[in-house]
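Chain naming follows the written order as A, B, C, D, E, F and G, and within any one chain the residues start at number 1.
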Amino acid sequence: MFRNQYDTDVTTWSPAGRLFQVEYAMEAVKQGSAAIGLRSKTHAVLACVNKANSELSSHQRKIFKVDDHIGVAIAGLTADGRVLSRYMRSECINYGYTYEAPLPVGRLVVQLADKAQVCTQRSWKRPYGVGLLVAGLDESGAHLYYNCPSGNYFEYQAFAIGSRSQAAKTYLERKFESFPGSSRDDLIKDALFAIRETLQGEKLTSSVCTVAVVGVGEAFNILDQATVQALINEFEISGEEAPATASVAEEGAGDAAADQGGAAAEEEVAPMDI
Amino acid sequence: MFRNQYDTDVTTWSPAGRLFQVEYAMEAVKQGSAAIGLRSKTHAVLACVNKANSELSSHQRKIFKVDDHIGVAIAGLTADGRVLSRYMRSECINYGYTYEAPLPVGRLVVQLADKAQVCTQRSWKRPYGVGLLVAGLDESGAHLYYNCPSGNYFEYQAFAIGSRSQAAKTYLERKFESFPGSSRDDLIKDALFAIRETLQGEKLTSSVCTVAVVGVGEAFNILDQATVQALINEFEISGEEAPATASVAEEGAGDAAADQGGAAAEEEVAPMDI
Amino acid sequence: MFRNQYDTDVTTWSPAGRLFQVEYAMEAVKQGSAAIGLRSKTHAVLACVNKANSELSSHQRKIFKVDDHIGVAIAGLTADGRVLSRYMRSECINYGYTYEAPLPVGRLVVQLADKAQVCTQRSWKRPYGVGLLVAGLDESGAHLYYNCPSGNYFEYQAFAIGSRSQAAKTYLERKFESFPGSSRDDLIKDALFAIRETLQGEKLTSSVCTVAVVGVGEAFNILDQATVQALINEFEISGEEAPATASVAEEGAGDAAADQGGAAAEEEVAPMDI
Amino acid sequence: MFRNQYDTDVTTWSPAGRLFQVEYAMEAVKQGSAAIGLRSKTHAVLACVNKANSELSSHQRKIFKVDDHIGVAIAGLTADGRVLSRYMRSECINYGYTYEAPLPVGRLVVQLADKAQVCTQRSWKRPYGVGLLVAGLDESGAHLYYNCPSGNYFEYQAFAIGSRSQAAKTYLERKFESFPGSSRDDLIKDALFAIRETLQGEKLTSSVCTVAVVGVGEAFNILDQATVQALINEFEISGEEAPATASVAEEGAGDAAADQGGAAAEEEVAPMDI
Amino acid sequence: MFRNQYDTDVTTWSPAGRLFQVEYAMEAVKQGSAAIGLRSKTHAVLACVNKANSELSSHQRKIFKVDDHIGVAIAGLTADGRVLSRYMRSECINYGYTYEAPLPVGRLVVQLADKAQVCTQRSWKRPYGVGLLVAGLDESGAHLYYNCPSGNYFEYQAFAIGSRSQAAKTYLERKFESFPGSSRDDLIKDALFAIRETLQGEKLTSSVCTVAVVGVGEAFNILDQATVQALINEFEISGEEAPATASVAEEGAGDAAADQGGAAAEEEVAPMDI
Amino acid sequence: MFRNQYDTDVTTWSPAGRLFQVEYAMEAVKQGSAAIGLRSKTHAVLACVNKANSELSSHQRKIFKVDDHIGVAIAGLTADGRVLSRYMRSECINYGYTYEAPLPVGRLVVQLADKAQVCTQRSWKRPYGVGLLVAGLDESGAHLYYNCPSGNYFEYQAFAIGSRSQAAKTYLERKFESFPGSSRDDLIKDALFAIRETLQGEKLTSSVCTVAVVGVGEAFNILDQATVQALINEFEISGEEAPATASVAEEGAGDAAADQGGAAAEEEVAPMDI
Amino acid sequence: MFRNQYDTDVTTWSPAGRLFQVEYAMEAVKQGSAAIGLRSKTHAVLACVNKANSELSSHQRKIFKVDDHIGVAIAGLTADGRVLSRYMRSECINYGYTYEAPLPVGRLVVQLADKAQVCTQRSWKRPYGVGLLVAGLDESGAHLYYNCPSGNYFEYQAFAIGSRSQAAKTYLERKFESFPGSSRDDLIKDALFAIRETLQGEKLTSSVCTVAVVGVGEAFNILDQATVQALINEFEISGEEAPATASVAEEGAGDAAADQGGAAAEEEVAPMDI
């Protein structure tokens, strides 16, 4: 109620050593529609929930191709995400011209993080309000990174961001140990199951989600809707895991308050590592 | 009442991860006079309500030609809209000089969105207070985009913005499935019916609306008033749909409060995708 | 009383999507002494009320020649108006040098409007506090525009701005339908009658008003005082319209409160089209 | 008492469309010691009241030569006045180099006004706090202008600014009709009488005033003290007008409150023409 | 509660001569996960606690290689730390190109400190929110520095920063006198014991910590996890010191309040030497 | 008590047309130790009271040589004074290089004043907090100017600034009429008597004051302490004027309150001529 | 309690003509650990109290070599002091390159002071928070200067700054008259006694202080710890002065409150000479 003095200016530290404006920008990520990513040794898959503004529009794009070997899924302020993915695209092109080789994923991610950091240290800017899951393939294999508004980034085996992403994270945590050895199609399947967890009772159809893949021998591409629907049909017919995940979902619902608290606790372990 | 601390500076995040100044700028769009757009595979039509400042003036232009293949209808701060449509015009000219080909519609729309995004991340600027419906034709067919003050854009089959646009949207949602196959004249007819929905009992005449078309074999052009009046006469004579839409309008009036709430709900699904 | 939070900075949107500083600047126009403009197909006439600061000074110039084919009448902050008319003058000269042709009136008006718009989107500037009636003649005939502090402009058949301009507008609205076909002298006569409406009982003499004309075969020129007085004498002798307008004026006075309200209502129809 | 919200920043409009900071700067002029100017067709005379900071100093210069044909008298912030008169001097020199002709007075006055206007539209500046009476002679005869902090200027037959200038204005208004035909010496005499009006009982001597003349065949020059004293002696001996002006002064004193009100009323007629 | 007036702007001194924003930034270091460093005459060791954001991610890197002879461990805002370690890297490269010799550690540390100082003296920046332990080897032997947000740096025999670093400091203070003569492996062993002190009951495994070494004949390298685990196993088997340190830990817990106070006291001896 | 709204920003006018920040800077001059200056037709003398910060330091220099023909004595913020005297020095050198002649005193004084004026019209600066007595000799004889923080300057026969300068001014006013014809030594003697007036009972010795002279045939030089002491001894022995001045001092003390008021009154005659 | 209005911005004058932010920065000097300096005709000695941040670190350097003939001791914000001593170093190098002679001490001190002054006149900077004792030898002998945050500097025979420096100043004031003729070793001895005065009961050992010397035939050098300890042992054995200084210290303690007041009084004699 009274912490107002330190939370309106991105260049103002609170007495406890926090940058509230950076933390608030991270809230923006939590309010975007969900996006998830996961990877094996050879492939990386991105998926997101489509939110159409109205019946009249196609859904808004949340997954962007950056280069043949890199793509990105965003949650939060779409305009910020688009500007950043454009930046990534031009960095890839420049690197390609200069070195005649694809820009390593990790290197791009660091440049992106530095661009975000600058916005947390100038009084006339604001932190970007978007989280980015960057999936890519380079000489060291498939990668998945999460870049957040603080200018920080993390490498993940699998991750979920955006609204109701906690349920997807729970699903991914149960399964991630098998991901490194997963086939391309298994990854897609797990991506779809994870997405389903974020839907809260809404039926999973190809129109409510987008799926993209990059992997050995396969340039980054967004799957067409028919392919996605076929996969959904195939997996739901088999019905495997569904009851279990449903019960998890129920638990999740029952534990909503606790989850909230848990999530908060988890996030507050080391707030300044943001 | 007390949320004042975070809503006066465009570079300040609220604790919930919102940019109030961006949201307020979007309110400006809702207060402009209505504009609608719709498209088939081969044609796109823009229409808007004319508001004359007084009997003494012609109405103010709200539809601008950008290039032979692109036009725009605006709602909100007219001066901002004019500056942006000028920007679009010069981008089209520059592209034409360089590539000797028309600038693809989607590409122009992204540049426009990026220009708007910058204004949401500098403390000494303000977000543009205008929404733009961009209609155009390129190699991939007819397009309709909505660019909003947040720096975001959406592709639509049909859309309406500005004051009392909800009634038009309701009309368009009932009919849009047939639009892809519509003829040029059917699109114009539906545009006129949609505009009529926003008039709240005012009689539709050629003086209260402007209509523009772009399509295969037809450069972007604003229809002259006589043509529009002829079309109004023709359609109203036939009287088709009128009773139904009237009743819809009545319902709409009856459901005003609910609509309000509904509109609000719809918009708040994922506030950070703005 | 409590709307202070959003109305001191030109780059701050109010929650309802308004820019109060722009609206306040438009108030400055209402407080300037009155200016009116009207046009036929071939001529345009500007007239304004002269306010001498004291007996010792000549009245302050409110009508400026921009070029042989364009002139301007201002209401509001005179210094701002002078700076803007200087800008217009140099644009005309530059255009003339480059194209060896007069700058089309509409084109100049748009440039002027863009210059004003910039001042509504930089935190370290302020909107201009002046309204400009631009009268000119080009290949498409005689024109009359009104440029306002918001960066917006309107084309008019006839218009009045400044203090007590409502009475003049009422006069012009009664008569404007005949203006397109009016002769040069009829336009001047109507201009003088309209000016008389704003004087509230003060006697109309050549010393309290300035009149300027531009038309086919006649470069923009300010009529000398003797000519104006001769015209006043001629028209008042005939006495035509005087009783009627007087009664209108009386009504106007009687309806002052209502007028106020009406004016307010009219202006608030679509506030963001400013 | 509560109008504080809009009056501390020069780029903030009040809800009534006023720029308080500009109006406050104009108060600074009223507090400077008095300066008066008057002109015939061939001559212009400036005079001001000398205020010595102490016995130990000569009085401060308030009248500056700008060029052979132009001079200026200031009231208000002396440092601002000096900077502006320096600007005028260099403009005259530059014009002379380029055109080998003296800079027309009116043209210089406009440049000066534009320089002042800029300071009313930048948040990091402040309006100049000085009023300038510019007297000059060019091909169109003798001129007298008043440039004020708002960036506005006025042409006068005669004028007075600064503290207690109202009494001088009253004197000038009674006499100004004869000024166009006055001889050089008559103008000086009237200047001295006008200055005497501002002294409130203090005796007029050559040490309390400065007088300067420019005219046909006479470059701008400040009269030496002996000459001024001789003129004072000559006129006071004749005693003409003294009783009358004294009684006027008495009336003036008696009507102080009313004058105040009157002055205020006069100035508030059209506040935005400042 | 009321010290707000001086603590929101990095360029504002408090009446007691303190820069609160700098002190608040130093709080950010205390909230990062712990990092420790220690050195002998020939070797320097860095170690830190790994905090994984979730099971799904590898832990975040807190130790960075700067050059073959220098590395850094950070606590606090990771993004700031990354940007600064990047800066250090490029300084080393530039020096190497110019002088064909490694950049002396102390010289790099001063450049880093100067970069931080600038951020404490510009109103539009903020102090970096990160502490850096810089370990390196040059001609003058092994070095360990601590660079803090104030732009200050200190040379240490051994040091610990970040959350719960007090217990590690207590351990290091008991043992540091023997460090100058320690072998490489003894240093690593002491680093692991010191890290264990910060874990509060959590079991020390190779997954919760990272260890890096630089020394004579050994370029800066981060030990692989297996090596670290082998060392942990070897030392824990021997069990030496463990009971003692445990009891120390208990005391530490019992003296929590006092420690707090002590820490505060220690830090407040000469606040402006920050 | 409540005038706070207009007195924290140098670019903000008060409603009464005052610039409080400029007036406050002038207070800084009153708080510096006293400085006095006086001149004959051929010589100018500066003197000031020495304030040693402690026994351990020599007193701080308050009189600076600018060039062979110009020197300056300051009161107020010493650092500001030093920076300004450095500026004066380099202006003299530059002028000398260009014209091979000494810079006229009055010309330097105007440049200095302009430099000060700029600081009163930029929001990110502050007025200089120092008053300067400039003494010099050029072709037009000896000069004494006072430059004050407002950007204004005055020419004086004799003047005193700084704390308790009122008593010195009273002394100088009694005597100044004889100064034009004074010999060099008489000027120094009067300077010493004036300085004694500011000491309030403290004994005048060569260690509490500094004296400097410039004149025909004598470059600006600061008298050495022995010379000053010899002069003090010589004059005090003669005892002339001492009783009188003492009684004046007593009166001065007795009239302290009145003097205060008087000083205030004197300064408020025409506040905007600052 | 209520003087907040004028003390948060370095460019804001208080009504009494003070710059509070500059005064607050001077408080920072008082909170640093003590530093003292003294000089004979041929030698200058600097000494300071060492404050180790912890047992684990060497103490922080407070005395820096600038050039062979100049060194500096600082109290206050160490980072600011380091940046300034670096500036001094590069000035010395540049001067040496250009003139092939050592930079005179006084000239360097003025440049340093000017650099500090700039920080007191820009709204986006802050005054440096450090005091510097500059000791050096040049053609005019040994010098000791004190540069303070206000941009001012003073030449001293001996001086002490930082926490508890009052006791050292008392010691130096008792002895300074003999310093000009002191031998190098006598100066060091007095420096050590003065340092002891600031320790408040703590025992003087070579580890709690640093001593540096510059003199004829001896480049600026920091004495090694063994040499310092040997000197301490030698002097303490002799015991001379110790009882006396102890009693002085006791008095000092007894007069703490008075001293405070005295210090305040001393400093407030002429506040604007800061």
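Definition applied: a residue touches a chain if its C-beta (ideal position, glycine included) is under 8 Å from a C-beta of that chain, and two chains touch if they have at least 3 such contacts.
Just so we're clear, the structure is a prediction, and the values are computed from it rather than from any experiment.
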When chain C is superposed on chain E by its C-alpha atoms, the rotation angle in degrees, nearest 5: 155
Intercentroid distance (Cα basis), chain C paired with chain B, Å: 31
Whole-Å separation of chain centres (CA-atom averages), chain D against chain E: 71
Distance between chain centroids, defined by C-alpha means - chain A, chain C (Å): 57
Numbers and ranges of chain E residues touching at least 2 other chains: 9-10, 123-124
Category of the chain touch graph - line, ring, star, complete, other: ring
Ring path (origin chain A; first step to chain E): A, E, G, F, D, C, B
Residue ranges of chain C touching chain B (in the complex, touch as defined): 5-6, 9-19, 110, 113-114, 116-117, 120-124, 146, 150-152, 154-159, 169, 172-173, 176, 266, 269-274
Chain F to chain G touching residues, read off their complex: 4, 7-10, 20-21, 24-33, 51, 53-58, 60, 75-80, 82-83, 86, 119, 123-127, 129, 163
